[in-house]
Amino acid sequence: MVENDDILTVQNLSKHFGGVKALDKLDLNIHRNNIHGIIGPNGAGKTTFFNVVTGILEPTQGEIYFQNKRIDNLNVEEIAKMGISRTFQKGSIVEDMNVVNNVKAAMYLYNDINPIKDFFLRHFSISNREKDMREKALESLKFVGLEGYSDRWADDLMWVERQLLQLARAIVVNPNLIMLDEPASGMDSKETEQVKDIIKKINRRGITVIVISHDVNLVMDLCDRITAINFGTKLSEGKPEEVKNDPDLLEAYLGE
Amino acid sequence: MNNNETTFLNMNNVNVFYDSIQALKNVSLEVAKGEFVVLIGANGAGKSTLLKSILNIQAPKGSINFKGKELTKLNTDKIVANGISIIPEGHLIFNSMSVLENLQLGAYHGKKNEQSIENILEYFPILRERKEQTAGTLSGGEQQMLSIGRGLLSDPELILVDEPSLGLAPKIVNDIFNILVKLNNIGYTILLSEQNAKKSLEIADRAYVLETGNIVMEGKADDLLNNEEIKDAYFGGNI
Amino acid sequence: MEFFIAQVLNGLSLGSIYVLLVTGFNLMLLVAKIIQFAYPQFVVISMYATWAVLRATNNVILAILVTIVVSIALNLLSEPIFRRITSIKGTDINATFVASIGLSMVLVEIMSHSFNQGFPISFSDSWVGGSVFRYGIINISRSSIFAWVGGIIVVVAFFYLLYRTMVGRSFRAIAENLYVAKLFGIPIFKTSMMSYLIAGLLGGFIALLLSMLIGTASPWLGESVALKVLAVSIVAGLGNLKGGLFVGLALGVVESFAIGYVAGSWSNVIAFVIMLIVILTKPKGLFGAAVE
Amino acid sequence: MSSTLMYFLGFSMIYILMAWSIYLPYRVKHLHFLTVATMAVTSYMGGILAVNFGWSFVPTLLLSIVIGALISYLISHTIGNAPTFTVVIVGITFVFIIKTVIENTDYLGGTIGLFGIPMLDHPLIFLLVFLLVVGYFLYRIEHSRIGRAASVIFTDEDLAKSMGIKPKQIGMLFQTISGGIAGSAGVFYAFFVGSLFPDFFTFHLIGTLMTILFIGGYTTMWGVIPAALILRGIPMILPSSIASWRLLIYGVLLVAIIAIKPKGLITKNMLWKLLKKR
């Protein structure tokens, strides 16, 4: 059992795919209300880390605590219910829906009751909840700068808009922790700035953010703390300046 | 078109799109026969995409010319048969097959004789020891050796090497780089994509710098090694 | 005891046919990346070709040749359809499954409207062949021997091809990882065509063996065979070639016992029920699936 | 009303019901042919209840909805989240088993068929009302959080789970509702035709329903309506020599639609844009 003030604690976490160690005895603490960056080259284990924490992959060994509750033995839905939301690198959105419904779809657990009961109850009474959900969805679209997009068909969105829609979807559930996988991939510098501002705004709402990115400048500007990983283990951790000047890290990357 | 040196590999105004994202923007690049050229740039700058576009794994728009032949209309296997091979990022091999079978598959377009595989095993003694072993059980460094070895077996003239240092310990990275230099010395032309700017500039003849899909700088490797801008951007904190 | 042995022997000859069918089906699943529900229909149409040639000319050699050519041609001709479907963005392997069911409908209709006015066909006694060995109720027919020997030869040849030749290695390479195979410079299109060709050749053999073994065919034979082949593939683990060998033989034996002990067409249900139970309790198959 | 038109409309409506029972589970990528087996069960059950026990239509219908839903619910426990391929095979296997059972049971008429089921007086009115009720029900599902959850599952199961959606739960719910619809379709069929043959509930029916679903388009519940009308209509206007090749035409159309327009003739996107313009 872990008792500390950190929102997420990872101990001795490993994930092996056959002989490949995607995560190798990783220890990590994410402080509450921080923006925490995770950097590392392709194949370093960043996305695997997200998938293991959110329960999509089962860890080979190790323990994960979220708000001092052990979560590595829970399944994906249960973990989502505890207030962790995330985005995906491949930009998964539902293309056969309009934008606002994409956001509403993410509110599946909103006012959580059994879907069967929900269906029959809602069926015979005009529900204010649907209206309520729509308002929340619109608000969150506005938050990420997609106001006016609510009736657009998701199929027609550009890449950047898809990424923003993912952000809107992630915050609409009022999570305690948001995990963003390459939120600025494929964006130019202006769009990257926009995303940075949104992430800061999210953080100001009191939500802890973990960002995976290969864009070091983005992470350095944005984050309170940074963890650099490679071969699934921690290379370096600390404030951005500390990580930037960590001699171990320089050696690993630059062979000096 | 004649076969002088500058027309060995010639990319002209190449654009690559992934769905709606443009990953390469009007890239033009030349590699002469026998050269060692490096592409440097941050993760996501488009280095891998550039190499994949040469092999038509990621469909390019524009013109890519190799020894007077247009590559953009050819399928990957035809391009490999024409003498280009790729050592992909993350040492991709067939994990469930033996080392020997991986080498045999690598020789699909090469001389399919025992001798050429024997030569590779000569060059990488560690692979000879593990000949019958399943490739998936090799260590990362050994897999990278296997990946290079099988890349040589299609008898390439030009070898595209994508981020060979990823996920490998510094010592092994040095070994791999030494191998690349040796290969260049015995006549293979090499186009290397690498995040580790300093190290790769030390061994290359010439370099291109990629930023968000654009070539922003090019020149002799030595010049770039001493260039302040490059030092700031790529030797400092860029990981 | 005699009865038991007789049923096992019968079951093994039927089982070797299932083994071959599943092997051809799995080959296309792994290499061409399609679910070919119509593959057994191609086999049945090839049986109709055998029948038509035999009736017209009574020339055995010609019948064999035509059967194999028809089977190969049908498989190769279906390739552009499947290539077109797999190349559409956003479709998955299930689309090939749906299309192959459509293809199967077309073939059933052709068979039930043209050959023999849609009535089941039967092969002459000289084609089916008589008994070679008889001991009590153990009766070994010529066609059973063909099925065993043919089955063993084809399976051995197939696995030799798979593990000892360049084509076979390319098959396994594409089966393991299409992208890596591309990077290696393995010609995807050519290799995929080879898988259709070999499945077609295999289908021709199956048609010949099946026509000798059961001596009849009907337009609806393919549907129940297709269902069994797919069920065997799932029970063994989708795309698991070695698992298919065991489960294919096992199905043959189970069916043969069902026919021996249970009256009438109830016997057909036994095999289905057993496979259904296995699928429902072990959806990933007994030997592990090779594809997702 | 001419009897040809009555049969055309009646069959079309029954096929729409049947197609809906396949459409609904396909919202979460389950091609669920257990429904065809369910139709066979409830139609024979309805037939026997009416002929031998004198049940009238409405109680038979209600019972068959319950029975259909119950069968599907029990099976959905094991295949609620199985891959598409497995669900298909399980469904078709059930169809074959049920068909063989009917063929070998004299009580059910065997291969000869079951006759003398009392026909409905006003079948089209009954059907239309029932269709409207089911249609409204499906429409509500579509526009509830369950409908949205289904769309997410269809796109990406991992994405769905990370939103707290339980694919198996939704799969089971849809399969159960679909079983209920299939159950009702079976009884409507029995009371509309008046006689039952085991040969009806075979691969032909599976093929026809699949063609209706994919031609119409699986992204919206409305697609199967024109598709059922067209596909039932084609054989009626063609001379009988060509109409007997009906299933060949269906097969060709099915292959063609998958190869050319895999989402079908009518898509959600299309309807959305059409309605928005107005």
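Chains here go by letter, A, B, C and D, matching the order in which they are written, and residues are numbered from 1 within each.
To be clear about the criterion, a residue touches a chain if its C-beta (ideal position, glycine included) is under 8 Å from a C-beta of that chain, and two chains touch if they have at least 3 such contacts.
The structure presented is a predicted model; accordingly, all values stated were derived computationally and were not measured.
Engineer: By that same contact rule, can you tell me which chains touch chain B and chain C alike?
Structural biologist: The shared contacts of chain B and chain C amount to nothing, since no chain touches both.
Engineer: Which chain has its C-alpha centroid farthest away from the centroid of chain A?
Structural biologist: C
Engineer: Sort out for me whether A-D or C-D is joined by the greater number of C-beta contact pairs.
Structural biologist: Of C-D and A-D, more C-beta pairs in contact link C-D.
Engineer: Could you please state the distance in Å, as a whole number, between where the Cα atoms of chain A are centred and where those of chain C are centred?
Structural biologist: That gives a centre separation of 48 Å.
Engineer: Quick check: how many Å separate the C-alpha centres of chain C and chain D?
Structural biologist: Centre-to-centre distance between chain C and chain D: 30 Å.
Engineer: Can you work out the whole-Å distance between the CA centroids of chain B and chain D?
Structural biologist: Once rounded, the distance between the two centres reads 55 Å.
Engineer: Between chain A and chain D, what's the gap in Å when you average each chain's C-alpha atoms?
Structural biologist: The computed centroid separation for chain A versus chain D comes out at 41 Å.
Engineer: Among the residues of chain D, pick out those that touch two or more other chains and give their numbers.
Structural biologist: Correct list: empty.
Engineer: Would you give the residues of chain B that are in contact with at least 2 other chains, written as numbers and ranges?
Structural biologist: 95
Engineer: Touch graph of the chains shown: is it line, ring, star, complete or other?
Structural biologist: Shape = ring; chains linked end to end, path closes on itself.
Engineer: Sort out which chains touch which and give me every pair.
Structural biologist: A-B, A-D, B-C, C-D
Engineer: Over in the complex, which chain D residues touch chain C? Could you list them?
Structural biologist: 29, 31, 75, 78-79, 82-86, 88-90, 92-94, 96-97, 100-101, 103-104, 202-203, 206-207, 210-211, 214, 244-245, 247-248, 250-255, 258-259, 262
Engineer: Spell out the part of chain C that touches chain B in their complex, as residue ranges.
Structural biologist: 166, 169-170, 172-173, 176-177, 179-180, 182-190
Engineer: In the complex, go through chain B and note every residue touching chain C.
Structural biologist: 55, 57, 75-81, 85-86, 88, 92-97, 101, 104-106, 108-109, 112, 150, 154
Engineer: Can you tell me which positions in chain D touch chain A when the two form their complex?
Structural biologist: Chain D residues touching chain A: 140-141, 144-146, 148-149, 151-152, 154-156, 158-159, 161-166, 169-170, 173, 219, 267-269, 272-273, 276.
Engineer: Given the complex with chain D, which residues does chain C contribute to the contact?
Structural biologist: Going by the criterion above, the answer is residues 35, 81, 84-85, 88, 90-91, 94-95, 97-99, 101-106, 108-110, 113, 220, 223-224, 227, 230-231, 234, 238, 264-266, 268-269, 272-273, 275-276, 279-281, 283, 292.
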